[in-house]
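Shared between the two complexes below is chain A, which pairs with chain B and chain C, respectively.
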Partner chain A sequence: MMRILLLCWSLAPLLWQLRTSFLVGDVLVGEQSQPGLSPWTLANYRLVLHGDPSLIQVLLNSTVLGLITTLLTLILALPCAYGLHALRGHLQRSIHAGLVGAALFPTVLLFLSLLQVARSLGLANHLLALSLPYAALSLPFAILLLQAAINDLPPELEDAARLDGLHTLQRLRLIVAPLLTPALASTGLLVFLASWNEYPIALTWLSRSDRLTLPAAMGRIASSSVYTIPYGPYAAATVLGSLPLLLLVLLFQRWIISGLTQGAVKG
Partner chain B sequence: MRGLQLDQLTRQVAGRTLLEGLDLKVAQGECVALLGPSGCGKTTTLRLVAGLDPLSEGRVLLDGHDISHLDPGQRRVGMVFQSYALYPHLSVADNLTLGLRVRGIPTSEREERLAQILALLQLEELRLRRPSQLSGGQRQRVALGRALLRQPRIMLLDEPMSNLDAQLREELRPELRRLLTSAGHPVLYVTHDQQEAVGMADRIAVLDQGRLQQVGNPRELHHHPVNRFVASFIGRPAINLFPPLAGRQLGVRPEHLQLVPSDGIPARLLRAEWSGPQQVLWLESAAGLLRMLWSPTSLPPEQLLVGWADDAALAFDERSGERLPCCEPGWNRDLIRSLQQ
Partner chain C sequence: MNDQGTMGGKAMPLLLMAPALLLLALIFLWPWLHYGWLSVHASSLLTGLKAVPNGGANWQRLLQDGRFWQDALQTLRFAGLSVLLELGLGLLMALSLHRPSRGRGVLRALMILPWALPGTVMALGWRWILNDPYGPLNGLLQALGGRSYPFLASPGTTWAFTVLADVWKTTPFVAIVLLAGLQSIPRDLEEALRLEGAGSWTLLRRLQWPLLGPYVALAVLFRLAQAFGVFDLIQLLTGGGPAGSTESLALYAYLNAMRFLDFGYSATLMVATFLLVVALSLVWLGWMRWQGARG
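Here is the complex of A and B:
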């Protein structure tokens, strides 16, 4: 019973969005629907899919950017985590503390200075250039997560690999990385989510409409008219924007759950 | 000299000494068991020989050559870990050949050596299984195979039987011993089970608190322990240590206690433990609990007097625990008299 209540609590806003996305605008602001006409419509979806930019383009932008960001983050974070795991003593503790600090830093404070960087390096309006700050901001968290997962691996595995004559990079590639697949999947998903949701940096770096990411495009839809709030199109964009994530979670479900509970019990 | 020689092996970590000045020689084809309680430095010793941990002092010599500076991968060491440490994501065949693959051994030779090892350890049918699909005994064989496939010049085993059930352990012992010593390499075998040490090893090295206490064959350790620790660690049921008297402490093995008509320690029978060829009697006395061996078919009276032959007792220095060169008959009498009051 409690579970069902909690499920409703979490799902209600989403279902409301879903309902909203299929209603005509007049009904949404409280007017009676015209007699003889159905209040249900696909017009909101048509609007966002044929708008400028088309939501298809926007989703494509966000997906490509998210994938590149995730790949970049994991490729950098895995060796960092592995190296950090091998360190001992003060050095490890201070790097660890530094990473925690960086992970907790509110990123919204950074967007102005990042804009300066983008301007001076000519990175504005390059979609993939966004993956640089995104990866940088996700790295501390990703390193900490992966390091925790590496700490959970039995240390004898590494010893056995050393006796087998594997050097450091071979151990990382052939032993550690395959065993970290669940942790890599869950960390990757969190990084992808962060990139998918990021707003202030995308807003300031991108202005050309064919380069917009989902949050920036949503912002445009919301502020497209001074006189009305476009609830319907906005809800339609929300629904379409959450579909790719749903797909990802379903695909990686098995690994994500085992990754998130890793270290909770001794196996 | 041929074989493995450990010269003043020392390991200190953060001011704590895990192993101090260990000297030990293991000849070709000889199996030496490192025996001791947890934390005595047995596993540390193995890891130092394998090169997995850095030496604080000392040298590891193989056939007279110093190999202390070599990486673990270059030492040609075969090691079986307590947990077996099989790669969980690889099949049995890949577990075995990973080392050969990264060393660039050609496929044909790899396959040949793999086939040999699989046949030797009767693992052919399991070659495509993952470690999680194997039983404990099978995992142990794979771990052993991985160590042997490296064509090692030293074999190291860290409690390789501790994850197996008691019956399997006993069954595997002769087979394992044959596999290990047939190749003619020095073998170091870590265990905390003296039964296993006796069954596996030619000689036993007893360690305690990072120091080597004594090396010898099981008989020597049993009859001529150099100190109190070895005397009490070796031999089951354990030796009876009497309360110290005048700076000396006497110990008498359970098999040397006997009933005496007079001049004995009064004791009361608490329990008789039947163990096949004999019974272990637990006696309560002024000296605390005593263990005594008895024939399996009868029981002694409830109240009894126990003593021992004059030459049966071992005498130790009370403070240092060192074995005293002899035990004078007068010491026995003094002790018994003190316990009669």
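Here is the complex of A and C:
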């Protein structure tokens, strides 16, 4: 019973968006649909797919940026986590504490400074340049998560590899990285989600409509007019923008949850 | 793993960490130096957007700025109530996901969906749901014989619904952290209590809640800090209105930078908000420690 109530609570607002996305505008504002015509329509979807910018372009932007950010974050985080694991004493503890603080921090407060960096380096409107701040915002959590996973590996493995004469980078590449595949996958998924959902930095860095990410495009719809948000097309955009995430969550919920748990609790 | 000294002292670890730490310093530390510097400068349309030193004028203005203090209170109220509700609802969610059953994977996936979706997407979704008079909530009111109500035009209901929207989105996060806590409790303990005839409530009160302490502390710490920086939801759902009654500190700082083009004062607001977040976190940690020492 409790489960059904909680499930309704989580899903009802989404299902309402789904319903809205298929309704013609007249019906949404309380009028009867024209006699003999169906109130259901695909017009909202057609509109967002052919709009300026096309939602396809927006989703493509978000996907490419998300993948690049994920790759960049993992490439930076893995050696860092390995180094942090090997480091001992005060330095390790201080860096660890700093990372925890950064992971907790509400990152929206950084946008003004980052915007000025972007302007002075000419990075505004470069979609892929966003992967630099995005990777940085995800790094603290990613490093903590991977470090927790490295701590869980049996120490004998590395001792054996060392006796075999492998140097540090070889051990990282040949022994540690393959064993961390599940943790890397969890981390990657969470980084991708964070990048897909980030709003304030995208809002301030991107102005050209063919460069917008999904949240920035949504924000633009909202601010285009306070009084007449085109709710039908907007709902269609919501549905299309949510589908990739719905798939990710359904397929990988186990990894997403274990990543969140490991990173939050052990980190 | 224990490989002390196997990397040839500290040089190798530091080398491995250098690229990540450099990027982190650029993105996390440099802005605060920059804000600190900017907060003692005038940099607005009046100065042609050039930074001119103005001593403590920004800080003096902050102390006398009624809107800042009002926003600080509103943000604190928003964060406090959201986190409290998230904790209660998150506990219910965690308990219901903890019970083994078929299809638990799909159930978990569907329940965490609101957390995984972009906040921006559903912020506008809520605006439609609360629309006067065409949204479903008003549809329901009218079907029950009432009149439609402008939920987003009166401060009380607007505030309540921003909290509700935040709770809807972030409860799954709290639930996942608490679920990890529940699963760390040895099954034998639960079964021993059950054999003594304890119901779910007794189980929760005597065994699960006390052992969840560290997980609660963590979830609340993270959520408090995040909720205190609330931006996406407020900007898109209410724009801070009506009459500034839902404006958060982050939104005020954003407006100062992007609408009033007053970068000096915006930076001052950022620093002030940062200090408040740190203070709030320390208060929470201190309280948890005191509770821990007492219990």
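Here is the rule we use: the second predicted complex is superposed on the first by the 240 of 267 C-alpha atoms of A that agree within 3 Å, B and C clash if a C-alpha of one lies under 4 Å from a C-alpha of the other, contacts with A are read in each partner's own complex, and residues count from 1 in each chain.
As a working rule, contacts are C-beta pairs under 8 Å (C-beta built on N, C-alpha and C of every residue); 3 or more make two chains touch, one makes a residue touch a chain.
Quick caveat: nothing in here was measured; it's all calculated off a predicted structure.
Superposition model on chain A: chain B and chain C are shown accommodated side by side without a clash. In the superposition on chain A, A:P230 makes contact with neither chain B nor chain C. Judged by the touch definition given at the top, the superposed model places A:P133 against chain C, while chain B stays out of reach.
Once chain A of one complex is fitted onto chain A of the other, the partner contacts of A:F111 are limited to chain C, with no touch recorded for chain B.
By the touch criterion defined above, A:L179 lies against chain B but remains apart from chain C after alignment on the C-alpha atoms of chain A.
In the superposition on chain A, A:G51 makes contact with neither chain B nor chain C. Of the two partners chain B and chain C, it is C that touches the larger number of chain A residues. In the superposition on chain A, contact is made by A:P154 with both chain B and chain C. Applying the stated contact rule after C-alpha superposition, one finds that A:Q170 touches chain B and leaves chain C untouched. Here the apex is the CA centre of chain A, and the angle it makes with the centres of chain B and chain C after alignment on chain A is 90°, in steps of 10. Touch criterion not met for A:G66: it reaches neither chain B nor chain C.
In the superposition on chain A, no contact is made by A:G188 with either chain B or chain C. Nearest C-alpha atoms belonging to chain B and chain C sit 7 Å apart in the superposition, given in whole angstrom.
The intersection of chain A residues touching chain B with those touching chain C, taken from the two complexes, comprises 154, 157, 159, 162.
By the touch rule above, chain A contacts chain B in their complex via residues 154, 156-157, 159-167, 170, 174-175, 178-179. Remark: chain A residues 2-3, 6-7, 9-11, 13-14, 16-17, 20, 28-30, 76-77, 79-80, 82-88, 91, 95, 102, 104-117, 132-133, 135-137, 139-140, 143, 150-151, 153-155, 157-159, 162, 168, 172, 193, 196-197, 199-200, 204, 214-215, 218-219, 221-222, 226, 229, 231, 234-235, 238, 241-242, 245-246, 248-250, 253-254, 256-257, 260-261, 264-265 touch chain C in the complex. For chain B in complex with chain A, the residues that touch the partner chain are 47, 50, 52, 71-74, 77-79, 81-83, 85-89, 98-99, 102-103, 146, 150. On chain C, the positions that touch chain A within their shared complex are 1-4, 6-7, 10, 12-17, 19-21, 23-24, 26-28, 30-31, 34-35, 92-93, 95-96, 105-114, 116-129, 131, 133-134, 136, 168, 172-173, 176-177, 179-181, 215, 218-219, 221-222, 225-226, 228-232, 235-236, 239, 250, 253-254, 257-258, 263, 266-267, 270, 273-274, 277, 281.
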